[in-house]
Amino acid sequence: MLGEELRKLISWINPEVCFGCNKCVSGCPVAEIHSEYRPNRIVRLAYLGFIDELIESGVIWYCTQCLKCSERCPMEVYPASVVVALRNIASKRGKTHEAWIKMAKNIALQGKILPEMGVMSIDRKLIKRKDLGIEVPNADRSLLIRILRESGIPLDLGE
Amino acid sequence: MLYQGCMIWSSQYQYEISARKILDFFGVNYKVFPEQQCCGKPLMCVNINTWLTLAARIMAIAEKEGLDVLTLCNGCYLSLNEARKILLESPEKKELVNRILGKEDLKFSGELRIKHIVSVIWEDIGLKKISENVKVKLSGLKLASHYGCHSLRPKEFSIDSNPENPRIIEEILEVLGAESPYYPEKNDCCMILMSNVDVKGADLLRGKKLLAIQRRGFDGMVTICPLCQQSYETRQKRISKMMKEKISVPVIYLTQLIGLALGMSPREVGLDLNMSPVERLLGKIGLSFD
Amino acid sequence: MSDIRIGVYICHCGKNIAGTIDVSELREFASKLPNVIIARDYVYMCSSAGQQLIIKDIKELGINRVVVAACSPTMHLETFRRTIMEAGLNKYLLEMANIREKCSWVHTDRREATEKAKKIVAMAVRKVSSLVPLAEIRRRIQKKVLIIGGGIAGIHAAIELARAGYEVTIVEKTPTIGGKMLLFDKTFPTLDCAQCILSPRISEVAKLDKVRILTNSEVISVEGGPGEFHVRILKRPRYVDENKCTACGNCATKCPVEVPNEWWYGLGKRKAIYIPAPQAYPNAYVIDPNACLRLKLKRDVCGLCMRACDRDAIRFDMKEEIIEETFGAIIVAIGGSVFDPTKIGEYGYGRFKNVITGIQFEVLLNVSGPTRGEIICPGTGKKPKTIVFIQCVGFRNTHFNEYCCRIGCMASIKHALLAKEKLGDVEVYICAPEIRAFGKGYEEFYKRAREEGIRFVKGLPSELREEEDGTILVEVYDPILDKLLNIKADLVVLTSGLEASDDHKKLSEILKIPRSPDGFILEKHPKLDPTATPITGIFVAGVAQGPKDIPDAVSHAEGAAARVMSFLANDELELEPFKAKIDDDLCSRCLICVRLCPYNAISVEKKGSEERVIVDDALCMGCGVCASSCPTGAIIIPNILPKQVFLQIDAALEVEI
């Protein structure tokens, strides 16, 4: 059935019932500034099987997951979820966007998507958590790598 | 369990400081777990099971001590709520996740609640108690509320029962003495996820909202999520260059405003760590950093 | 079993049956079954030629039980019953063997299908041997019709029935007949005046002697069955004597109470004493007991209206009346209710003053309405320079109503054209995924709209935003331009559609008629019987069955009237004899059947100290729930006996594969 691969990842999507009301495009902030980004177009290409083209084009990484499209779609297509499914498929094929690879590596390294950056206070001092007397994170690296590995993440975490 | 999420551990300290100050003031008990890790939401786009496991780990840690989870970040709020729902509806996914967590002697059962700090302020503390304790009225402040996206969508997890016209932040602000009228750009997203891929485009849309808030005469923008806060407070100079117009909007956490109204000093609520021109806002209510 | 002479008639049904089943082999097999005198096969058994074969055999060979092996009984059971009746045989001595829907249409293997057909025929032959002659049950009919709802459909049905000589009672909930059409200015696609069509009909139905109109009334209970429905109607007091009131309006001028006018869908106010519309019928004022101070407080206060009336028409002492009457047939013509888009938060209805519904736009256009026919933005009081219509609001939507509202596209095109006509210099957009212009003259109407410069955008906006000056910011994607349009609208109209109302649920429970999943009254058959309900004697007309425009509502109503006429045409009602029969000697008075009957057909009759459980044949639908639940086996349905089922099972198992 059309869209089966997508549905195996996310069961609640209904890509085939879209009747083209364009409501999702009307409210999409990405569509406002990127003329090639149309949520319903991504959905239709996906369920008709043009997954390679979608992944190649890189368009699936633009969605900011604001969820307006999914929330207001009259047919419960859930376009934002279709995008998530496509990103999973892309990752399985080794085509994860570099920003996400970086976040995954950071999580493996220290449990967070970014390292502690600190902040410049109004007194022009670089303040970190210990300066404020609040707890500093402690992450068990091997534990995190194990969790990522065993849950099936298709990435090279540089272990 | 006080769950901060990644951004607060990294740089958005003022949110945690002000939140903790308020919780302490009203006697809401919480526990911090330094061993917590990212809720996994970014990895939902790489491998769903990885996200589910990471989210379940947080919930399992809380469950072990019989605690609910209190989140400060919209992204974490949705991530945990959604993961919980999926795991409760899919026995296979729940089993997979528990197999991995079991090696740490952790188990996810889903019998806990995930609450956003705004809901805790509204339900557990309540407007009445807040209003009774207001020492510094924020009179004369006209503030633009920014809910972000994941505190309102999907509808089933929304912190306000009317997600298309939320009023929970406005009502809290009104009790503090400020006014918070509707403005057309209220619903605009901070574009944080898209900025991973196109920072310029994200800044353009952020600039659009900041400019509108500025032009409409607001004294500042109120946030309830560290991702939104960071999006709007840290890039104003860059955005000004891009929009060819000076953008100078104070961006402040709701928890910081509550702290000020309760009589705490700007430094006590971490306003010295905000990256936008908050002195202007403070000046309007007769406060300053000294 | 003495002298049972069975004739088996096997239909080829063209290739439908013969293409899969070996009909000759089947005929051979059938001819050898016990008590079968003759077996024939023919290409189209239901044709005149086919039927003649049966009739001839009955007359010449003395066939007295008939098996027709053909299609499903829902297709031609009645046809063949009439055939054998024509030949002089009791029409219930027939059994149909379904070898099409249950055999040839669902199997591809010829051998398998033929063997299965043999079993099916063997079972039918065994059953038909045990059938006994039955007679229809005859009941008196009251030649009186109750029409619930006095809108355009109810009015039309009433006129037709009255002309045919039937007594008609219209029960209308609001204080006037005419329905929603009372609000309309013009109708699509001709743009002719709605009141010029409606008013003559209203006055016609009002003048007919045979029509009694009860307004401010509601049906509260219905007992009995087809031919004899015992109905109780609650007539609420108007507090104004219809016969004396001249609708001069002096009372309303003096009345101190103002409330939102529900006839104007919130766009204006009315007094506690009011007339719904100038052409209302009865053409009299009415007092709203929830608004009137005197009635609400139940004290001798105010009464200004009484003093203003020089006809002494106002009577605060009027009470509610219960009217009890028996009707032969009922037509449900209750219309629908307008969808409230407050639930669609992203469009800001209820928050943004200049976002209104289609029905409110209609009210603006109405010359007797709050703006005297001027199109004015409610928020600013000024005429709009840009209007945006949004279609499909609340419809084609899994969160609200999945069905298409059917009238939205045409209604908005009408509104857009009237806006252009009234305002001249105005930009009008209609946002719709596509336009549905299915009726006569509708596509041409749509073209006219495009010719007059109305801009159609094939996309729906995601949300609406309000500027400080009250204008509405509409961002919508135009797929032909492949651009996001940003329209600054003075007025946004969320096109109105119709849903089933609370009355649908209430009435369906009172009348025990089913509703379809969308909440409207369920028709007996969507194509072949759209104006009847599954309950004999109860019919449905107009939007009550599903949303439709005026031409379709009128056609539907006339259809319902025609059905009622044929239903009540004879002096007696004929009911099928498959009604539950209780053997009094076996009945233990446990009353399980009384409680289980979905049609309330079984009741306890007390005669002195004697108690009997009896079945009302008019209500009984022969569903068999009682028969299967009776612990002593006291209840049977004639010709559908448990023993007959066992005979068929035996027949099926006897046939070797």
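We call the chains A, B and C, going by the order they appear; numbering starts again at 1 in every chain.
Simple rule for what comes next: a residue touches a chain if its C-beta (ideal position, glycine included) is under 8 Å from a C-beta of that chain, and two chains touch if they have at least 3 such contacts.
None of these values were measured; they are calculated from a predicted model.
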* Chain pair with the higher count of C-beta pairs in contact (B-C, A-C) -> A-C
* **Identity of the chain that, by mean CA position, is farthest from chain A** => C
* How many angstrom between the C-alpha centroids of chain B and chain A? -> 20
* Separation of chain A from chain C, taking each centre as the mean of its C-alpha atoms, in whole Å -> 49
* Asked: CA centre of chain B versus CA centre of chain C: separation in Å?
  -> 52
* Asked: Which residues does chain B have that touch at least 2 chains other than itself?
  -> 163, 187
* Any chance you could list the residues of chain A touching two or more other chains? => 32, 68
* To do: Would you please write down the residue numbers of chain C that are in contact with two or more other chains?
  => 346, 463
* Structure fact -> Touching chain B in the complex, chain C uses residues 344-346, 348, 351, 463, 465-468, 473
* Structure fact -> Listed in rising order, the residues of chain A that touch chain B in the complex are 9-10, 29-30, 32-34, 61-68, 70-71, 84, 87-88, 91, 96-97, 99-100, 103-104, 107, 111-123, 127, 129, 132, 134-140, 143-144, 146-148, 150-155
* What residues of chain C sit close enough to touch chain A in their complex? -> 346, 392, 396-399, 433, 458-463, 475-477, 479, 482, 484
* Residue ranges of chain A in contact with chain C within the complex -> 19-28, 31-32, 35, 38, 68-69, 72, 74-76
* In the complex, chain B residues that touch chain C -> 162-165, 182, 184-185, 187, 216
